[in-house]
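Please see the structure below; I have some questions.
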Amino acid sequence: MKALALWVNRVWMGLKTTWIGLTITVPYIFRRPYTLQYPEEVPEIPPTERGLHVFEIDKCIACDQCAKICPVDCITIEAEGKGKTARIRTFEIDYSKCLFCALCCEPCPTECIHMGPQFDLVGYTRDEVIIDYADRENPRCFSEGEKIPYEIAPFARK
Amino acid sequence: MTPAEALRSALPDAVEEATDAFVRVKAEKVVEAARVLREKCGAEMLHQISGVDRPPDKMEVVYHFARLKPAAFLCLKVSVPRSNPVVPTLANEWASANWGERETWDLLGIRFSGHPHPYRILLPEDWEGHPLRKDYAYPVEYHGVDCVE
Amino acid sequence: MILAEATPLSHHLATWLAGLLGMQPNWLFSAVGALLVATVILLIVVTPVGLGGVYLERKLAGRMQNRRGPNRVGPYGLLQAVADGVKLLAKEDILQRGADSPLFRFAPYLVFLAAFAGFVVLPFAPGVIAADLDVGLFYFLALIALETVGIVMAGWSSNNKWSLLGAMREVAQVVSYELPLGLAAMCPALAAGSLSLVAITDYQAGPIWNWLLIRHGYWAIAMVPAFLLFYTAGLAAAKRAPFDLPEAESELTAGFHTEYSGMRFGMFFLPEYAMMLSLSAVASALFLGGYHDPLGLSAPGGAFEGAWWWGFLWFFLKTTFLFLSQIVLRWTLPRIRIDQVMYLCYKVLLPIGMGCLVLSAALRLLG
Amino acid sequence: MTTIQGVRLDEGERAAPTLPRDILTEELVFNMGPQHPSTHGVLRVVLRTDGEVVREAQPLIGNLHRCCEKILESLTYVQGLPYVDRMDYLGALNMEMGLVLSVEKAAAVEVPKRAQYLRVILCEINRVISHLFAAGQFGLDMGAFTPFLYMFREREEGLTLLNEVTGGRLLYHYIRYGGVTRDVSDDWKRKCIAWCDQVAAHMDEYNNLLTYNHIFLNRTVGVAIIDRETALRYGATGPILRAAGVPRDLRKDMPYSCYEDFDFKVPVGPHDKGVVGDSWNRHRQRLLEIEESLKIIRQAITKLPAGDVSNPKVTRGWKAPEGEAYVASEAPRGEISCYFVSDGGKAPYRARMRGPSFYNISLLSETSRGLLIGDLIALMGSIDITLGECDR
């Protein structure tokens, strides 16, 4: 008798919890989806985002601090001249190595390198993700007087 | 009872050095010392086994035992010569020592005598050398893959 | 000539063909005619069923999970399933080393055939049925067993242990669940006194209280459990969650079709929806009055007696409802473990099924 | 010692404890993983089964090994930190805590109170996110897809919160020696409280849909029991140990980073269903811990003291003085600890990281004997490993 009661209880619980589950999932059919339509709708990127770098080329004095602190050595800098008059020739970041740790932004004495809001970068070869920031055509390379079109939050500690 | 007191009274000839932070015992007595810690000091869990390479002539194995109540870590150290680093295994009493010791062998090359399964665990079986040794030379190539940049 | 009798359309086609060539219609022409009809049916039935099923499943699953589901290819993503089909066609057909080539290649066709052959006996509307077999219900249940053979072939010939395990689960599960499925299907057959799906459907003609599920009120005590039983066992026979053990992806990677790629995989993928749909259709024919509407307009003497579109509408509505409920259930429940599947079959469903059968026999005698 | 496909297996128990031995069948050897959907990464388990019954399961790890410890030894202090994130990519902030606490203790670095509170808030958010992921993943292993995505919805919001403070969604690089990198705004605090309410409001949904579902209960209750002794013997920590009935939570037992300021409970198994240490209790343990973590977050936000968020003495070229320390902290998957040795050089002399998953997964071999394959999935899912931290 006890076994029968247990059996009935199991069948009943099976049906009941299935019903409870349905009352949760079925109403969702009529609710608004939560997801974004990615390429058209982009989530709001906070100013703290550590995305692809943003570089202010005319501020850079080629001091090599960012390249030195980089844990993966993904920054290559070549410059003409020395000291405060140095002019940058190449500033390459190899994004196949980059950790996006933002350590390069911290020691910069002139605050010329930042982490920007762009988070996607694609290429068919590894060479395509090595990006030269000394190239003024680069959309993330800003000359003097150009305004950076997005907000970039500073670090609490410099 | 602190680990130092317990070990000094139970195994007076095994203790080499005893401070508040750790007790250093002779390598061949480590199983007995661990047993004392479990019985006298309530070390119920072997929390971590670490190997430290101390060139030129020493290697250390550091055992951290966990006591549940009141919570504390008890530290046992063993020094072995770098030329022949062998320590008796704890794997027969603490199952967590099994993998911990395998990892220590794998990365530091310290052998654990009596271990039931003394093989590499993280690196491939045919890997040469033990990476965490201070004099480790990076391989030039591995199975035809160039490893040097 | 049997073919010609079963499908009059193919008979006409055979005569026409023979006339075209100036010959007497013989068995060869009948066979060609039947093949042509089968091809047309494949094109107009299988494609919408399979693709529509896939689309509905993905869309509904998406919405249940607070997602959008397919929405890129075509309006509301309607062409997504078509795009997937094209993709599957274009993919490489891999025959891995060690596979038993003839079995491996033939298995998907057998499964496909078994799943879609069930459509032959489905009474879509008054007079719209491929073949009104006297043993229609029996034929349908037999086809479910045939599908198992195909899946065992696939699992064995793949030379993959996960596939083998999936195939073994399939055998254990489907063979077991044929018992409760058969028992549950017996109840309406007993009530109507026939194994023909058309006869059973027409037995339920008239207003809603003539439907077997709640026939005259008192039949409900036998028929409601029998219906739930048929539905549950049907889920298991169609390998739908929570009974998707043979392909349980978190346990067996993909079960019996792990090694299949390209269109051969598609041949396993589409029959699942065909099976769901035909089971829903049979369930609605057995218990929910098939193509009869709840007001009795399609009953003899009603306003829409014999109107095929009216019958088809109601058949379609009932079947779709059951079909969608299977999808909803899949995305709500976790998977049952294999021994519990067996427990459920032999210790829960089988006793209930026997009880239902005895009860409906008693009701038949008394009522 | 049997060798199968180049893998040496221990001689396990030949006879499964649960089956009658009058039917002798051939045993199958399965390679579960590294590409199996339920191994949560690149774990490889070699199974010897009798049909569906697992005779022996040998986990083989190392596919994700990067020798994190060697990297830490060869980089400077600040450079090493982003690598620790990559150990447990689902609980990255807690991994940072593991290293940073040891180094700070060895070097006696003071951490401002506000930074400690911020660490607590963000680590707890990270824990909630990680537990949501684990519980959802467990549901997925059991064949329930939908609760997984519901949990991901809340996880997504939590990631956005972390992103706003740290700048990363998965790998944060937020906790530094002597503090944290960024302060939080009042607006963020409000959003954080709102998120806590949102997660708390959805707990019933998860429980009704998954935890108390009859099928789920049947799959997990009494399955793959890890009892107190086994858990302690294997060094298993975290939810596994607590579900086995051991009230050990380092946040309570050895408070670090101001955890003693907060009022929270340590849920201990057995919970309202099942037996102590079974798969269901481990799952329930995580959901209960989420609720406790939410309590901590709320308290920490209301009590958040004013002040600096980093110690100005710790500069970029900072070196720890000679010394050593062993500090453990409570990560989502168990106790992360670091045995840190410094010789005063510019890099740590030795930083031995304890990956909780490493010890948790070593249980598998013993616990899985006699289980069905479906139960083995329940065991692996409820242990909840991250291979990044297991292989380091």
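For clarity, chains are labelled A, B, C and D in written order, and residue numbers in each chain start from 1.
Rule of thumb we're sticking to: a contact is a pair of C-beta atoms (placed from the backbone, for glycine too) under 8 Å apart; a residue touches a chain by one contact, two chains touch by 3 or more.
The model shown is predicted, which means the values in this text are computed figures rather than measured ones.
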Connectivity without chain D (remaining chains kept where they are): A, C | B
{"item": "Centroid-based (C-alpha) most distant chain relative to chain A", "value": "C"}
{"item": "Interchain centroid distance [CA atoms averaged], chain A/chain D, Å", "value": "24"}
{"item": "Distance from chain C to chain B - Cα centre to Cα centre, in angstrom", "value": "63"}
{"item": "Centre distance in Å when chain C and chain D are each reduced to the mean of their C-alpha atoms", "value": "45"}
{"item": "In chain D, residues with contacts to at least two other chains", "value": "146, 153, 209, 213, 215"}
{"item": "Two or more partner chains touched - positions in chain B", "value": "none"}
{"item": "Per-residue multi-chain contacts in chain C, two or more chains", "value": "64-67, 331-333"}
{"item": "Chain contact topology (line, ring, star, complete or other)", "value": "other"}
{"item": "Touching pairs - complete list by chain label", "value": "A-C, A-D, B-D, C-D"}
{"item": "Contact set on chain C toward chain D in their complex", "value": "61, 64-67, 161-162, 165, 168, 241-242, 244, 248-253, 331-340"}
{"item": "Footprint of chain D on chain A - complex, ascending", "value": "10, 13-14, 16-18, 20-21, 24-25, 34, 43, 46, 48-50, 69-71, 99-103, 106-107, 115, 153, 155-157"}
{"item": "Chain A to chain C touching residues, read off their complex", "value": "7, 10-11, 18, 21-22, 24-26, 28-29, 31, 33-35, 37"}
{"item": "Interfacial residue positions of chain C with respect to chain A in the complex", "value": "60, 62-68, 71, 328-329, 331-333, 347-348"}
{"item": "Residues on chain D engaged by chain A in the complex (per definition of touch)", "value": "75, 78-83, 146, 153, 160, 163-168, 171, 173, 176, 179-183, 205, 208-209, 212-215, 309-310, 312, 316"}
